[in-house]
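I've put the structures underneath this note.
Shared between the two complexes below is chain A, which pairs with chain B and chain C, respectively.
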Partner chain A sequence: MAAFLLEVADVSKVFGGLVALKSVSFAIEEGEVVGLIGPNGAGKSTLFEVVSGGMRPTGGTIRYQGEDITNLPAHLRRRAGMSRTFQKIRLFNNLTVEQNLAVAAMQSTPAGRTWKSEVQSALIRLRLTGLVDRKPSELTLADRKKVEIGRAIVGHCRMLMLDESLSGLTRDEADDLVGEILALNRDLGVTILVVEHVMPVVMAMARRLLVLDYGTIIANGLPAEVARNPDVITAYLGTKKGAT
Partner chain B sequence: MNLAQALLSGLLIGGVYGLFSIGFSLAFGVMRIVNFAHGGVVMLGMYVGLYAFDASGIDLLVSIPAALIAGGLLGATLYVTFYARFVGKATLQQLLLAIALGLIIQVLAQMAFGPNAQSIRSAWGSQYLIIGTMFASYAQIAAFGVAVVATLAVEALLHGTRWGHAVRAVADDAEAAGIVGLDAQRINLGAFSLSCALAALAGSVLVTYYPVSPPVGFGLMPIALIATVIGGLGSVKGAFFGGLICGVVEQVASTAWTPALQDVPLYALLLIFLAVRPFGLFGRPSAH
Partner chain C sequence: MMTRFSFNWIGIACVLAVASLPAWPFSDSYIVAAVIRTLIFIALGQAWNVIAGIGGQLSLGHGVFFGLGAYATAILFNLWGVPPWIGVWAGMLAAALVAVAIGGITFRLRGVYFALATVVISLAFEKLARFFVDLTGGDAGFALQFLGDSWWGLQSREPTPFLWPALALVVGYYMLTRWLLRSRFGLELQAVRDDEDAATAAGVAVFRTKLMGLLLSAVMTALVGTLHVQFYLTIDPGNAFGLFQAVQIQLPSLIGGLGTAIGPVLGGAVMIIANEATNWASSRFDVPGLDVLAYGGLLLFIVIRAPEGLSGPLSAMLRRRPR
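Let's turn to the complex of A and B:
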C-alpha cells in the first residue's frame, strides 16, 4: 500500500441543516503540490478547517502520516509538521516579525536543531531579514503574507496548507510568492495543499487538482485534464463565465 | 494633612492598586475574562498575609511566597472549573459568574474569618520614615517596593521570555496560536494563575498597613476597573500607572476635599477617559 501523507476518508460536515461537506475522500502523497479549487461556497474553507484542526468533522476520518488525527487539536497537528496560513492574514500584531516566527519555532523545532537557527533560516529563505524588528502592521501585504508563510514553515513542517495566499497581490508579487512556495516544495520537500480562487494561478502551481462543488469532490486529476472535465466547466468555469 | 503628604500616600497605595490591577488587566487582555472575583482574591491574599504573619512573626518573607502560591492555586482552580469555557467571549454569563464567585468568596471568608476587620500589628506598620513634613510607614514603603518589583518582573516575563511571547501570541489570536503549535488552554491556565497570584500578592502586602475584612475585596474592584481603563485594557504597565493615578487622585481628593467623596474624582476620571481616550494611556486605538 502506498504511504500517503494525508488521507481524508468519507469526511462530512453539517452545520445545523446545511451540509457543507458530503463524504469527501482524497489522499495526498508526500512531496505533492495539490490545488483545491471550487466556486464560492463549495466547502473549500470548511474542508481546510477540518483538515487543519480548526473544526471537527461530523463524520469520517483524517489520517496524517498514517495516524488518525480526526480529533487531534490544532496545536498538536502543527507540532507534527502540519501547518497552514489564513485567507485573511492572522499574524500576532503585538509581536515583531522575528517573534512571530519564534513562537512557532519554539513549539515545533525537532530535537537536534535550535529554534533560533530555524527562525534565521526561514527569514533568510523568505528574504525577511531586514524586517525582523518590524510589527506586522508596518509591512506591505506581500511581506505580511511572507511572514505568515515563514511562521508556518519554521520548525518541523512537512505539509503546508495555503488558504488563498495570493489574493490581493499584484501580478509581480504573486509570481514572486509562487516562486517561494514552489521552492519550499523543491528544496525542503514540503508537501503543499493550496486553496485558490484564481484558476490560472493554481493551474501554474499545482501538479494535481481537486475540485470541490456543493461539498463533494467532482474531479481529481492533472490540471489539464480537470480543465477539460465537463462537470468542472459547468460547476466552476461555467458559473465563472456566466458571472462575468 | 498637606498636599505633598497626600501625593506621597497616594503614590504608595497606588503602587499596590497598580499591582492588583495588573492581574485584572492580564486576565482581560489575554482571555477576555472580566474577573469580578479578582478583588475577592486580593482579600484572601490579605488573610494569607495576616495568618502568615501570626504564624511566623516575619512579615514579607513568609507572606509573599505563601500568597503567591495560594493565589496561583486558587486561580488555577477557578480557571479549570469555571472560566475555561468563557475564554475569548467576555459574555454576560461570564460576568455574572464572576460576580457570583466574588460573592461566594466573600461569604466563605466571612464564615472562616468572621465579619470583623482585623489588622497586623507589625513593627513596620508603626515605624515611620519622616521626610520634611511628610511621613510614610515602613510597611507602606515596603508594599510599594514589592509592587514595583513585581510589576517589572511581570513586564520582563511577558516581553523577555518564551512563555511571555506565547502569552502575547494567545492574547492576540488564540486560534492562530493553536495553528503555530501553542496549547492556548495551557497558556491561559498559566496566565490566569499568574493573574490571581498577583492579586493575592497585592493583598498580602496591603494587609501590612490596611485592615482586612471580607467586603474589602469587592470594595477594591472599582479601582481595578478604573486603573485598567485608564492604563489601556490589557496593558500591564498601563494598569500599574492607572493604579498609581487612582491612588494619588483618591488621596488628594480626600485631603483637598473630603474623605467621604474621595471616590467621586475617580469616577469622573473614568468618564473622561471613556469619552476622550477609551483605549487608555497605553492601549492602541485599533485593538479589537
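Let's turn to the complex of A and C:
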C-alpha cells in the first residue's frame, strides 16, 4: 500500500449550529503539490486549522507520517515538520525579520544542523537577506508573505500548508512567489497543500485539486478533470465571477 | 554603532556615580536613602517587565510576589530566627508556587483571565495578611526585629550598606533583561506576546513559555521584596499586597518603555526625581496638593508625548546628536 504523508478521515467540524466540515476524507502522498479550492465560506481555512492543530475536529481522525495526530498539540505538529501560514498574515510585529524566523528555527532544527544556518538558508532561498534587521511593519505585503513562509519552512519542514499566500499580490509578485514555492517542492521535497482563489494560478501550481463546497469534498483529481466536473462548475466556478 | 557606544558609556558613568554616592561632598543619608528607594522601585519595575513587557501577560497584582518575599523573610526571621539570606529562598519559593498556581490555571485560557486572577489573588492575600494577626501583625504591619548593625540579620543603622546590593540588583536585572531579549527563551516570550497563534504555528510551547516567564518574574519580584523589608524594616498588608503597590510596580516600565531593558530603569528614575522635585516645590511655595497635581500632570505629559515610553525618543535623540 502507498504510504501517505497526510490522511484525513471522516473529519467534521461544527461551530454551534453551523457545520463547517462534513465528513471530509482525503490523503496526500509525500512530495505532492495539492490545491484546495472552494467558494468563500466553504471551510478551507477551517480544514487548515483542524489539520494543523489550531482547532480540534468535532469528529474523525488525522494521521501524519502514519501516526494518529488528532489530539497532538499544534506546536508539536510544527516541530514534526507540519507547517502552515495564515489567511491573514500573522507575524511577530516587534521582532525583526531574522528573529521571526529564528524563533521557529530554534524549535525544530534537526540534529547536526544549527538554527542559525537554517535561518540563513531560508533567508537566502526567499531572497530576504537584505531585510534581516527590518520589522514587519517596514516591509511590503509581498515581503511580509515571504517572511511568513520563511518562518514556516525554517528548521524541520516536511509539509507546508499555504492559505491564500498569493492574494493581494501583483501579477509579478505572485509569479515570483509561485516559483519559490514550487522550488521548495522540487529542491527540498516539501509536500505542499495550497488554498488559492485565483484559478489559473492553482491550475498551474497543483498537480491535483481538492474542491470543498459547504464543508464537503465534491471533487478530487487532476486539475483539468476537476475543471470539467459539472458539480464543480455549478458550485464554484459558476458562482464566482471572473474565476475561470 | 555610535549609539551603542555612547549608551554604554552613559550607563557605566551612571553606575559608578551611584556606587560612589556616599563619598560625594553633598551626599548625606537622606540622599543615599532616596537613591536606595529609587533602586528598589526600579528593580520591581524590571521584574514586572519580564512577564508583562517581554511576555505580554498583564499582571495587575504583582504585589503578591513582592509581599510574599517580604513577609516570608520577615516572619521566618522574627518567629524562628531564620536569617534573611536563607529566608529569601523561602520567599522566592512561595512566590514561585503561587505563580505556578495562577499561571497553571489561567494561561491555557485567552483574554483577561490571567489579569483578573492576579487581582483576585492580591486581594485575597491582603485579606489573609490582615486576618492572621498573630503571624503578620495584621493591619498595623510587621516590624522586623532590629539587631542594629548585623551581618547575620543583614541589617544596618545607616542606609549606605544597602546601596550596593540594591545597585547590584538593578544592574543584574538590566543585564538579565538584555540577555533575555536575545535569548531563545526571550524570543519565545516575545513571540507569544506578539501573537499566540503564530507562536504556536512556529512550534513554540505557548503555555509553558508563559508559565516560565511568570515564574522568573515572580522570583525576581520576591527577591526585591526581601531587600525591601531589610531596608525599611517593616511591611504591612497594603504595602505588600495592595493594588496601589501593584500599580506602582507597573509604572516604571510604562513610563520608560515596556519590554525594553532600559525602560524600567529610565522610567523609575524619572518618576522618583519628578516626585522629589514636585514635593520640594510644593513645600517651598506652600501650596498643598501642588506636588500631586504637578507629578500627575508630568506623567500624563510623558504618556501622551511618548506612548511607547521614554526609551524610544531618548535613543532617537542620542542617535541624532552629532559627535
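Criterion: the second predicted complex is superposed on the first by the 240 of 244 C-alpha atoms of A that agree within 3 Å, B and C clash if a C-alpha of one lies under 4 Å from a C-alpha of the other, contacts with A are read in each partner's own complex, and residues count from 1 in each chain.
As a convention for this text, contacts are C-beta pairs under 8 Å (C-beta built on N, C-alpha and C of every residue); 3 or more make two chains touch, one makes a residue touch a chain.
This is a predicted model, so every value here is computed, not measured.
Overlaying the two complexes via chain A brings chain B and chain C into a clash. Of the two partner chains, neither chain B nor chain C is touched by A:R228.
Contact with neither chain B nor chain C is seen for A:R113 once the two complexes are overlaid on the shared chain. Of the two partner chains placed around the shared chain by superposition, neither chain B nor chain C is touched by A:R186.
Comparing the two interfaces of chain A, the one with chain B and the one with chain C have residues 52-54, 73-75, 78-79, 83-84, 86, 90-95, 99, 102-104, 106-108, 151-152, 155 in common. For chain A in complex with chain C, the residues that touch the partner chain are 52-54, 73-76, 78-79, 83-86, 90-95, 99, 102-104, 106-108, 151-152, 155.
Put simply, chain B touches chain A in their complex at residues 162, 165-166, 168-169, 171-173, 175-184. Across the complex, chain B is touched by residues 52-54, 73-75, 78-79, 83-84, 86, 90-95, 99-100, 102-104, 106-108, 151-152, 155 of chain A. In the complex of the two chains, the chain C residues touching chain A come out as 184, 187-188, 190-191, 193-195, 197-206, 259.
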